[in-house]
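In the two complexes below, chain A is the common chain; its partner is chain B in one and chain C in the other.
So, the complex of A and B:
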């Protein structure tokens, strides 16, 4: 499989053959039009409406909603919960994801396919089901606590559910594939000759990893980290189900503003701030994202 | 250029779809029909069997039911002048004068207002069933018999976790004040500082539930010792699922589900006819055959075997009532204080 990826990869010398049907300019993007139209109607338009309302609701042009959103201590607390959780989850996903991808890279074909299958497993179960599964595992009378109690390791149930730990576990499991896949792709693009060259010049295996392999695969890792962070910022169900009072995400406030009070202004302002944060991150990480997901081609 | 053509085509298609949808609705204007929305689940099943099915048997009105009340969606429909719901079966927080812009006034020349329990009908809504928020506990975890909210807050007497509804207007401040000795008649305006101080005494033992089913699961499995929940949920987990759960009506807070008509409904007359039927003394007691939902009509007869399970059968014990008008007028502040306390 790695062989296939390598030969298709234009960064590998000799593989940069011009693909048949490859067209320069915008004309090549024609097959993407149907999806773009759907995205435009079902995503861009609603988002634009939400942003619009944040500046106009309830009556006429106003910045009051932003004043509320930015000065409200509750919103600040929930925003911090969201960003902190996203940071912790991205770091955890990167550490586990890189290690896992490295194992895939080093493994033989059969094991590699098996590892890939395991990594993708979470994709095939509903988010809600997975989050509820964690509550069954972690609750006071849950599988883990009952087991530890039976074994006599503990006398009273450990507080696992409704903690930041539970949120981190639940979200990291879900977001891991988003790190593993770009990192693994970056590793398959790594030219083995480089490692051999470094070895022949006297570098130890450890030094080859830290000074050659890791920097060369870093774009994949950054791409995965940015993806994981952006997705984590938008999480709602998992932190609500698994977290305690200190883990509640900004999405909770947005939902309450709309559902309970019909306050589209505050909800719009909070949503817009989240979108701006995500766009800013995308702008910062775009170079790595493009490189990590598409390869080094410009 | 092509992109623009495609976009225009897309928009045109959507517009045509909308027009076709409108004309479809117009064709139906001759036939009498209405769309009814409620919360779904066991509540809907009780209403379907107790009210909707018998109503359909004696009318030419075609009733379409939808599950999933959503105040935000209703407001959006009215604002966009595309109202597809005709009867809205909302909870006690919906339909006060705060929502006047979104509702049709009810036609009390058709609906028997004088038969409805005092305080459970107003210009825009009429209660169709009475429920309550009550205290339930796991009988394996709790030694003894709690008698009210004071016991819910007494960790020394009844150790263990407690689960509360994760909703600022759901009664969490009310139960704290009742536990702290405030008389039911003096609850409103809520003394939020006092309520927060009381809640702080058990905060590290609190679990917040977001769905009625979750509250049943928490107390049924013993994940928490006590729970504040809907009376129908306590009944379900104890009497239907036979989990080790008991409950008390002492200290219950009465609430109601209400029928209202979204402003701009194309079927106002049919909606009024349905509502009059649903709250009439002949039919209002029928849903209690299937679920412990008390009739809101004073003259209605509830199911005899369910009578003991109805909140209104326990008014000789201490009870309180939500002041929905006050709650609606102070909703933003309640939410702010609640979230600040919960997150800190």
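So, the complex of A and C:
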């Protein structure tokens, strides 16, 4: 996310604009080489091993693992859980994230910095801790239920934990910054004259928002949505801790295949399918991702 | 303030008269516009000219409704529109940076104001086509904005600002981002568009040549107030202050002194009767000439002379710049005044340190008050 953050300094107008005199082309990418090498070793190699096993485990070249992964009703159920949760969380993150980014955009400097700080808070807390914190809030004798009982709003504790609602809450909170940041970056790049032009052409404030501001900042929102969805597809701890049986993601099945049964073949096939889905999404959303995170090249 | 001639081509446009009455605007403690009064006649092409920070753009924004005056009022045809939001003022605005909507194609950009006015689809398409043809971009409806050159983008912006037949067209340095040749071509196009549409135009620029070329009237701004206004010829040839003289173009001016009895004294020369009524008090003044009113000849070697209404003064050339038909010279008088003159490019030694004679007629001089 470092690349996103540099485009987001709220004090520098148009911070995303390239500084002049920067080297172009491949030569300029030299400083990124060490990181690329590390990424290659730590990411590409293990993935290659996993993919390789999916086609070779347990004995020689086979597509049997994919047949299992694609036809097994349990796998299908877990896949649907994963995609459904990711969709709901993405939509929720987009709605809340866009609203939050818009508040940051409209706020004065002090409030904006404060809002940015709050948006980034989840980054500085462990995923596990945050997920457990939600269980403290949502369980039957948790903070929320106690409060509602005390106030007399309810007579018996609401079943909040181990529900889709809990998963949505927990994951949305964690993924929100990934939507807020690109959306806010897109908003800071919005030329204020565009809104004035639209006003002079007969658009009310409301229509300026819906017909000019929202479409012009849409690349940022799409970038955020793609990021949130991709990250949500790979989530493990949060749905396991907060969700019910119907919310368990594909990651649980993969983990189970390896840990309980040592079935590297099925695990590899499932993992490969997830990676393919993510890459396909990236391919579809890449134009928006690049535009949303780096800004339109002028 | 003569109404420009209108052709039958576009009979529907109603031009509006604009008046600003005692308008002031401050940002924090900084007064940007101070107690400004301005009248723009229906159909008039008025340029607001001035250095950056002189309040011209802020004034334009108050006419557009983007900014609210801190005091005073804005009127269209006598009707107070001070509190009217921009979308209800029926004013076309063209910005320096074009401000086209990046998510819409050319046709949709131009159609935008018609859509806001709920003009039905068929009529909308026709009007968009007509507007694009008017700016020489017929058939560009489906193009993406990013595919167009700067000049083409600005034409789209102009088409978008006129397609709904606004009563008033405001332009904020619309040609500032274009290169010189394109800018000059667009100046003439905008001018002819103004004549064809008959719409009132208020045009902001810091380019004096542009203001002089295009306008019926030039309004010169300085520190949030109007320094001088009048026809281009008036303000150029008869500036009322040294600031106006300097800002509107090259000039040559010398310090002089008005004496009792209608006498004028130029440094180092005997006082002469000044042929023109001045209306100025006795004391120091400046005499100013535009380059075209100064005759430059090879040095005669004679001392300066002041007779009847003519001055002949030898000066030193500080710098010479060949500019095609004319050579511009920066010259210095023996007593220190400096200025710029222009002379046909033949027969004059314009190297630094050489000497030329200037022939100055008092009849073509402009008398300016000395600035405190």
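Just so we're on the same page, the second predicted complex is superposed on the first by the 276 of 298 C-alpha atoms of A that agree within 3 Å, B and C clash if a C-alpha of one lies under 4 Å from a C-alpha of the other, contacts with A are read in each partner's own complex, and residues count from 1 in each chain.
Note that in this section contacts are C-beta pairs under 8 Å (C-beta built on N, C-alpha and C of every residue); 3 or more make two chains touch, one makes a residue touch a chain.
The model shown is predicted, which means the values in this text are computed figures rather than measured ones.
Novice: Have a look at chain B and chain C on chain A after the superposition and call it: clash or fit.
Specialist: fit
Novice: Quick one: is A:245 in contact with chain B, with chain C, with both, or with neither? Answer first, second, both or neither.
Specialist: It touches chain B, and chain C stays clear.
Novice: Could you look at A:129 and tell me whether it touches chain B, chain C, both or neither (first, second, both, neither)?
Specialist: Neither partner.
Novice: Name the contact category of A:151: first (chain B only), second (chain C only), both, or neither.
Specialist: Neither partner.
Novice: In the superposed arrangement, which partner chain does A:193 touch: chain B (first), chain C (second), both, or neither?
Specialist: second
Novice: For A:61, decide between first (touching chain B), second (touching chain C), both and neither.
Specialist: A:61: touches no partner chain.
Novice: Using the touch definition from the top, say if A:218 reaches chain B (first), chain C (second), both or neither.
Specialist: So A:218 only meets chain C here.
Novice: For the overlay on chain A, what angle lies at chain A between chain B and chain C, C-alpha centres, nearest 10°?
Specialist: Computed angle, apex chain A: 160 degrees.
Novice: Once the shared chain is lined up, is A:283 touching chain B (first), chain C (second), both, or neither of them?
Specialist: neither
Novice: More residues of chain A are touched by which chain, chain B or chain C?
Specialist: Ranking chain B and chain C by residues of chain A touched puts B first.
Novice: So after superposition, what is the minimum Cα distance from chain B to chain C, given in Å?
Specialist: Value for chain B versus chain C, nearest C-alpha atoms: 36 Å.
Novice: By the touch definition above, which chain A residues appear in both interfaces, chain B in one complex and chain C in the other?
Specialist: None.
Novice: For a test of understanding, state which residues of chain C touch chain A in their complex under the given definition.
Specialist: 64-66, 85-87, 89, 91-93, 95, 97, 99, 101-104, 112-113, 116-117, 157, 160-161, 164, 170
Novice: Which stretch or stretches of chain A touch chain B in the complex?
Specialist: My answer: residues 30, 33-34, 36-37, 40-41, 72-74, 77-78, 81, 139-141, 162, 240, 245-246, 248, 253, 256, 258-263.
Novice: Note which residues of chain A are touching chain C in the complex, please.
Specialist: Going by the criterion above, the answer is residues 191, 193-194, 196-204, 207, 211-212, 215-216, 218, 296.
Novice: Give the list of chain B residues in touch with chain A in this complex.
Specialist: Answer in residue numbers: 2-3, 6-7, 10-11, 14, 70-72, 75, 93, 161, 168-169, 207-208, 210, 221-223, 331-332, 335-336, 339-340, 342-344.
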